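Here is the structure we will look at, set down as structure tokens.
Chains here go by letter, A, B, C and D, matching the order in which they are written, and residues are numbered from 1 within each.
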Amino acid sequence: MTALDDLKEELVTANHILANERVLDSFGHISVRHPDEPGHFLLSRARAPQLAVTGDIMEFTLDGEIVGAASGKPYSERFIHGAIYEARPDVLAVVHNHSPNVVPFTVTRQRMRPIMHMCGPIGGDIPNWDIRQKFGDTNLLVTSMEIGRDFATTLGSNTVALMRGHGSTVVGRSVRDVVFTSVYMELNAEMLIKALSMGEVTYLSDGEIAAITKGRAGFTFERGWENWCRRVGRPYVAQDWNMGEGFSKTDG
Amino acid sequence: MTALDDLKEELVTANHILANERVLDSFGHISVRHPDEPGHFLLSRARAPQLAVTGDIMEFTLDGEIVGAASGKPYSERFIHGAIYEARPDVLAVVHNHSPNVVPFTVTRQRMRPIMHMCGPIGGDIPNWDIRQKFGDTNLLVTSMEIGRDFATTLGSNTVALMRGHGSTVVGRSVRDVVFTSVYMELNAEMLIKALSMGEVTYLSDGEIAAITKGRAGFTFERGWENWCRRVGRPYVAQDWNMGEGFSKTDG
Amino acid sequence: MTALDDLKEELVTANHILANERVLDSFGHISVRHPDEPGHFLLSRARAPQLAVTGDIMEFTLDGEIVGAASGKPYSERFIHGAIYEARPDVLAVVHNHSPNVVPFTVTRQRMRPIMHMCGPIGGDIPNWDIRQKFGDTNLLVTSMEIGRDFATTLGSNTVALMRGHGSTVVGRSVRDVVFTSVYMELNAEMLIKALSMGEVTYLSDGEIAAITKGRAGFTFERGWENWCRRVGRPYVAQDWNMGEGFSKTDG
Amino acid sequence: MTALDDLKEELVTANHILANERVLDSFGHISVRHPDEPGHFLLSRARAPQLAVTGDIMEFTLDGEIVGAASGKPYSERFIHGAIYEARPDVLAVVHNHSPNVVPFTVTRQRMRPIMHMCGPIGGDIPNWDIRQKFGDTNLLVTSMEIGRDFATTLGSNTVALMRGHGSTVVGRSVRDVVFTSVYMELNAEMLIKALSMGEVTYLSDGEIAAITKGRAGFTFERGWENWCRRVGRPYVAQDWNMGEGFSKTDG
């Protein structure tokens, strides 16, 4: 298999994992930037992520145009992905989700902020984008580059942005990275709702969030990834522990 | 197989899906209006929905009288279905449920209202019918056309009506439609209870609910349906994406 | 098989169902009064209910003495069962549980009371027995007839009594009856905690609870029992819909 | 097999159980003191506990140095275990977890305290260690003996200490003991959050906690252990009911 084939397989596995870990249900999607064509990205045809197979993966330009053969109808919200890849050259993978414990934070004034070290990489500043502010009463879907770019502006340089009445979008430097952040964002939200019911909460400090984020290392991603693969019955293909710029090579 | 056979198979699948997605437990039921006899409807014999098979499906007049052979004891609450089909010619399918996150809304003054786009089709106005108001102290069951008609009056032209201390009833224009609305009503209730614990909530606006409801399209139902079929081990039989009047043919 | 063998099989099935429906975990137990010897009862040896097999079922006098062969160590809390059978000739089956959503009600002043028709049979008055009141600081276990009789006094003529910091005990007129009440008590507690978080709650009225309890019928128990059997992989053995005195023979 | 081999098998089983009972996810770990070398302990290589196999078990000095062959990369937080074994000769097994219902208690002022008899052994005084107090802004991990010893000082003679924004650590006199306490701590936290939402809570008294803890007996551990083994598909190897000093030999 080529490196591109491997990446497609990893993307299919990520689809299954995100559904199994309750980040996605029949809706939501994950993409990865094309490794050889930074102006393209890979994304399944419009299908429940739990069902995605390698043949479903399609290639798109950043404007959301299909490149090559179409395996089927594309996701109408592919513009979330394209607009982010356009605005953020550092981003190599994107998850758009309706993570069920995160949605409540999109419709209240309680801020989402990490309370536990595993969840630190979601970041300390998580904006909440409201489509209504610029586009009025809509069906809330991001169905054009214009809307996608407006969302990307709110996302800015953050790792996560909430979407009012809809869900959230998470970005990362690899498929593993963005899956990891998504799984632990859902857990953080679940635990934070419970903590808030008991009174004042001590969030991670900015310094702690920075130390945790800087310290992410390949072997941490591999530990979760191997486990999640087993849980969905997909083969585990090990990756190098050295994940390059922006990640740690050492423990602790 | 005839079209009627296909519809019975779809109804059996819907029974299994609703049980698996936690809308129904051993109780609750789903019916569909007879495609050739608008004055009749199809409904399983009184059985846990998870166990329903094709041979369990019976035919009823709107008054709840059995048409043809009886596969067994009928549901004592079949009058919910009949009375709605009588009052609402636009309704082609009905789910009566004890959806566990919805029940709390039937016994408090908190209003159920959608907070997330997937849940928009439950509608902005959801009445809460109380059997006690007209019938006094009962076992809360809708066991006659008289009670069924009273409930149908409260339902009015809405998609959902709550039933105090009991559950709710959802109507739709197809089996897929009514299953979809039921699954996402349960999710909306689960998320809304959490959101309310964190303070003031921003619900979808009336304009958003209208845009979402008008924009429902066949391919959206298919995406969920295929996934839910797989989860219960039932064959997925694809349907036309063009669902006719009241549904969208396009994306977004 | 004899009628006694059938009853032992039903008791094993009940053990598995209660574990699967989250009423019991590795602890808690269900007994049935001996059909031919009203002064004896049947109960598994001390074992996680999920693992119970027919050979584990033992016979006891109401004082908790083993009758015949011992399959192993008896439950140290068998006195809960014996003391209730002694005080309540109408009781034919008993479940002692640590039902996880019920325990919170044993340590707060919020009253447990049914909010939904399926849960009506738990009754409107549910006392909360505190072992400390008479026996001071203990390990909270009911390990003698003296303690068991004190609990039975608090239970009185009710269907359920809570046990502070411990769990609850449910009584019924058959294995099916007591399992049904136990499963829906756990559901009532789960839904009530959520309802209470949203404000003032409308409970079932006394008249409604009476109508529901009086209206329980064999076919209702069978509908749940068949489904729960399937979920734990145990054979479903149908019973007569006419359950005798105290139960309804008709619908609604 | 030697006694050491048996212990390694038990440790692998414990890894699977703790993951299945939701005490651990892909992270967290359990160790046991070496039975023949009290200055050594056994711990899996850095791997998701659900996946641990016998060949993964490694031996360490209390300072966290690998003894003999390395099966792979060690956990960076092995110093939690070493520092506790160093400070507490009575401790023979340690679980470090991110138990999801416990984490909220590490970031609020609500105290964790047992409300139910099964959970009594977590103890009445549960300190909450904050790494920031001595080490400032870190990634919250215990990656050196210096940090481990600071945590062990806070743990003192207790059975559990919380770790702010991180999780908790539980100690015991055997693998069974520490697994039992960990499983019921998670359950206690889940039930306590719900109880607190309903008003003032009656915790177990100090006298009750002492009676429960003193009364723990081998057959109680065996009842849970056999059940948990079955749930993860691991063989159940029975142990002597007489667990020695600090445990009861009798019922109740």
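As a working rule, a residue touches a chain if its C-beta (ideal position, glycine included) is under 8 Å from a C-beta of that chain, and two chains touch if they have at least 3 such contacts.
As the structure is a prediction and not an experimental result, all values here were calculated from the model.
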item	value
Interface residue overlap between copies subunit B and subunit C, same or different (over half shared)	different
Cα-centroid distance, subunit B relative to subunit D, in whole angstrom	46
Between subunit D and subunit C, distance of the C-alpha-averaged centres to the nearest whole Å	33
Two or more partner chains touched - positions in subunit B	197
Contact graph of the chains (line, ring, star, complete, other)	ring
Complex contacts: residues of subunit B adjacent to subunit C	25-27, 46-48, 50-51, 73, 76, 98, 100-101, 103-105, 107-110, 132, 136-141, 143-144, 164-167, 193, 196-197
In the complex with subunit D, residue positions of subunit A that touch it	115-118, 120, 187, 190-192, 194-195, 197-205, 207-208, 210-212, 215, 219, 223-224, 226-228, 230-231, 251-252
